[in-house]
Amino acid sequence: MSLIRVGVLGARGRMGAEVVRAVEAADDMEIVAQVDTGDWLFDVADAGAQVIVDFTHPDVVMDNLRFCVDQGIHAVVGTSGFDDAKLASLREWLAAKPDLGVLIAPNFALGAVLSMKFAQAAAKYFDTVEIIELHHNRKADAPSGTAAHTARLIAQARAAAGLGEVPDATTSEVDGARGALVDDIRVHSVRMSGLVAHQEVILGGTGETLTLRHDSLDRTSFMPGVLHGVRAVLDRPGLVVGLENVLEL
Amino acid sequence: MSLIRVGVLGARGRMGAEVVRAVEAADDMEIVAQVDTGDWLFDVADAGAQVIVDFTHPDVVMDNLRFCVDQGIHAVVGTSGFDDAKLASLREWLAAKPDLGVLIAPNFALGAVLSMKFAQAAAKYFDTVEIIELHHNRKADAPSGTAAHTARLIAQARAAAGLGEVPDATTSEVDGARGALVDDIRVHSVRMSGLVAHQEVILGGTGETLTLRHDSLDRTSFMPGVLHGVRAVLDRPGLVVGLENVLEL
Amino acid sequence: MSLIRVGVLGARGRMGAEVVRAVEAADDMEIVAQVDTGDWLFDVADAGAQVIVDFTHPDVVMDNLRFCVDQGIHAVVGTSGFDDAKLASLREWLAAKPDLGVLIAPNFALGAVLSMKFAQAAAKYFDTVEIIELHHNRKADAPSGTAAHTARLIAQARAAAGLGEVPDATTSEVDGARGALVDDIRVHSVRMSGLVAHQEVILGGTGETLTLRHDSLDRTSFMPGVLHGVRAVLDRPGLVVGLENVLEL
Amino acid sequence: MSLIRVGVLGARGRMGAEVVRAVEAADDMEIVAQVDTGDWLFDVADAGAQVIVDFTHPDVVMDNLRFCVDQGIHAVVGTSGFDDAKLASLREWLAAKPDLGVLIAPNFALGAVLSMKFAQAAAKYFDTVEIIELHHNRKADAPSGTAAHTARLIAQARAAAGLGEVPDATTSEVDGARGALVDDIRVHSVRMSGLVAHQEVILGGTGETLTLRHDSLDRTSFMPGVLHGVRAVLDRPGLVVGLENVLEL
C-alpha cells in the first residue's frame, strides 16, 4: 500500500509540530513538506503532497486553500475564523474540482466530537439536560465554545422532537446558581487550577441519568482526529464542516 | 387522535404494576386489560387491546405470545429467558402475520441502552477501553449481565474495525486487580451499600478519555423505554430483539 | 449490655417512621415509646426513655425539648427552625442539668457531614475551589442549603489561612455561567429528573484536583447518623449543634 | 521576613528541576545551592542552606542525609527505598541533634495525601468501601502503591473501629471481576491511554455514598507539598514519615 503524502502548513507552530510528529508516527502516511511563515507554499505542490493539514492563522488560511484547490491538493483545516462568506468562497472554488475535498473542523478531539454527537442523539429521549464544562483557570470566556456548540445541538434536537423547554421548578435562586442559558439549555462553567479541558453532558429521565463526559489532557488529543481527517478527506469531495461528518457511527 | 389500547400481562407483579401506572399517566395510551395468574388471557382480546406488555415468567411467556400472535395483538416483552429455540418459534409464528410486531428487550432503561449503543459506536476510535459497573451489595453475580453484554458489543466493534487486543503493560498484578476479561475486555465490578445500578464505559485515546456513565435509581427507569416500545411496535412488524433497534439515533 | 431506651417524637411522620425502623433494627437500642400529634408526651417519660429523637415541627419542638430537659431525657433533634433565640433558651435550660445532652443537626447524612468537614479541612491547601450540587428538578431553591453552608465553611477556612479570593481570569461571561457567589465561593446548581441529592466539592491546586462527592438516595441515608447521635448524646452533656461535632475524625 | 534558604539535591533530575522552579517561584524561599551527580555536597553547606530537598537515588540518599544531619541542615526527602533499617539509622543520627528535622514522604501530592487521610477518617462510618485507581497504560504494576497504601490505612481504621470484613454477597464471579484484595479491601486497577494518575475511594452506607477522588496531571502536582514540607520541617524536629503528619487537618 502506498503512503498518503502529507504536507503541513504552520509546521513550526505548536499544533503544526504535533501534526508533523503524529503523521511521522502513522503507518499509512508520510510527511513530504513542512511549510511555515517565510517558506514557499509551492514546496508543497513540488513535493507531491496529496493532502495538506493547515493549522495557521485566519489571515492566511484562505490564501493557502486557494492555492491547494488550484493545485488539486486536499485539505484538512484546524485554523479558526471561518464565517459564511469564507465558506461560500470555498464552495465556489471547489465546484470546479469535483474530486477535491476540504475538511474544516473547529475541534479535532474525537472524544469531544463523539460526545457532542451522542448528546444530540440522546437528547430527545430525556426530558431534562444540562451541561457542565470545566477548564483551567486561565480561560477568559465562559462558557467554552464547545459547550455553547453542544447546547445548540441539543436545543435543535429537542426542538426537532417536539420537546418544549426543560422543566425547572426553581423559584428562589441566588443569581447565577442555575447557570447560563444558551439556546435555553443550562450551562455551568467551572474554572480551576489543576484542570485542562473537560465537559459533562448530563441527561435525566424517569429514574435514571446518562452522563457523557470528555476529558482532554493536552493538544495531542487532537492528533487521532487529524489523522482520521487526512484519511477521510481523500474520499469525501466537496466542503465538509465538522469532524463528526466524516465519522461512521 | 385515538389512544393506543394496551393490555398488561403480569399486571400485579412489581414491574407490571409500574407499567399500569406508566400507561395510565401517558397521554397517548389507555389500559384496557390487566391480567395476571388466575385471570383469563381472553380478556385481553375481548377488551380490544392493540398491544400487550408482558412482564411475566419464562414458563408462561411463550403461551402468552402464541395467544397474542393468533389474536393479532402486538407485544412488548420484558420477561427473560429467550433462547435461540424460542426466538425461532416466535419468528415462525410471526411469518404468518406480516403486519404484527413483537419486541423483546432484556433492558428497557433508555440510558442503559443508549450507553451500550454509544460504546459500540465509539469503540473503534479509541485504542483502550474498560468497563466499571457498580451495584448494591446484595447482587450475587459479577459482572452484571449488562456489563457483560456491553463488553461483547465493544469486542465485536473492535474486531470489525481491525483493532487487536487492548494494549496492557501490566507485568506485576495482585490477583484480580485488573478485573475480569469478558471477550478480552476488562470489566470491574464494585458492590456497595448505597448504590443501585450504575455503569461506566471509559474509552481512552491519545491525550483524552470519553466516559459513558449510566445511573439507574429504580425500576421506574424502565418505563419510558416500555412506552417507547409500545409506540414503536405498531409500525415494526416482525420480531425485534433489543430496544436499541427501535430507537432513532 | 443493656439496650439504650429510645422514644420517638413524630413517630408517624415520614422521617419518624424511618427512625422507628432503624432503632428497631439496631442491636444496641430499643424503642420504648412512639409519640405523635394527639398522643401524650408523658408516655415517653413513663416508658423510661433515656433518649428521644425528634422529627416534628418548628412549632412544637421547643415544648418537646422543655419537657425532655425537665424529665432528664437526652434529645437528638432533626426538626428545623432553630434560631439564636431558641438556642439560647435551650442552653439556659440545660445549664441546670449538667449531665444532660441535646444534639441538634440540620443534616444527619454522615456522608454529607463528612464531606463538609473534609472540604473545610482541605480548603487551605488549594488555591481554587468550587461547588456543584445536583438535585431532582422539583426542588424550588438554588443553591441547596447544604451547598450554601459548605461554601460558608470553605470561605471561613480560606480566610483563616490568609488565602484571598479564588483567582478567576474570566473576562467574558454569559450571565450565570460562572455560577452563584456564596461568601465569594462559586456554587453551581443542577436540576434534573432521575437525580435525588448529590454534591461535589472540587478543590484544584498545581497539577491536581481533589473531589469530594456525596450521593444520597433517600431519607434512609439519615438513619446511621441519627443512631450515631443517639449513642453519642449520652456522653456529651450540653447543647451540640451539628453532627460533625460528635464525630471522631 | 527573611527567606528560607533551600538547597536542592538531584537538581538536574526531572523532579529536582521542578523543585528548583517551584522554590524560585515561592515568595518565602530562595535557592542557594543546586547539586547533582559530580558536584560537591559541601556546596550546600557553604551556601548556608537551612533545608535541602532530596530527589536523588536510594543508593546515595543515606550519605546525603548523614552529611545534612552532621551539618545541621533540615531535609525534605522524596527519594524512595527507605526500609526499617534505614529509618532506624536516621533516628539514631537525629537523636544527637534535638532541633533538626527530616521529613520523608512517598507522595507529596497534597490531594493524594488528603484523600488517604480522609478515607482513613471516614472508614469507620461506612459498612462498605472499595478503591478504584486509574493510570496510563504504560504502568507495569497493579494496584498502584498509593492504592495499596490506602487500602492498608482503611483496613486498619476498620479494625480499630471493630468493623469486620466488608460484606459481599457475590456468589458467582468471572475471575477478577471483584478486583484484588489488599488487606481484605477490594482494589480495582484501570489502565488506559489518555489517563495520568487518578484514584477514587468509594464509601457506601445506608442510602448514601461518599467518594473521594484525586486526579493528578503531572509531577508539578508534587510541588505544593514539597514547599509545604520545607516550611514545616523547620519547626518539626526529629524524623517524620508521611506528608500527612505535617498537615493540619
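Going by the order they are written in, the chains are A, B, C and D; count residues from 1 in each one.
We adopt the following convention: a residue touches a chain if its C-beta (ideal position, glycine included) is under 8 Å from a C-beta of that chain, and two chains touch if they have at least 3 such contacts.
Because the structure is predicted, anything quoted here is derived from the model rather than measured.
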| item | value |
| --- | --- |
| Most distant chain from subunit D by Cα centroid | B |
| Selected pair, greater C-beta contact count between A-B and A-C | A-C |
| Chain centre separation (subunit A, subunit D; CA means) in Å | 40 |
| Gap in Å, rounded to a whole number, between the CA centres of subunit B and subunit A | 34 |
| Distance between the centres, which are taken as Cα means, of subunit C and subunit A, whole angstrom | 46 |
| Multi-chain contact residues (two or more partners), subunit B | 126, 194, 205-209, 215, 217, 221 |
| Chain-level touch network, classified as line, ring, star, complete or other | complete |
| Interfacial residue positions of subunit D with respect to subunit A in the complex | 194, 196, 215, 217, 221 |
| Residues of subunit D defined as touching subunit C within the complex | 109-112, 114-115, 118, 121-122, 125-126, 203, 205-224, 228, 247, 249 |
| Complex contacts: residues of subunit A adjacent to subunit C | 126-130, 132, 134, 137-143, 148, 167-182, 186-195, 202, 204-209 |
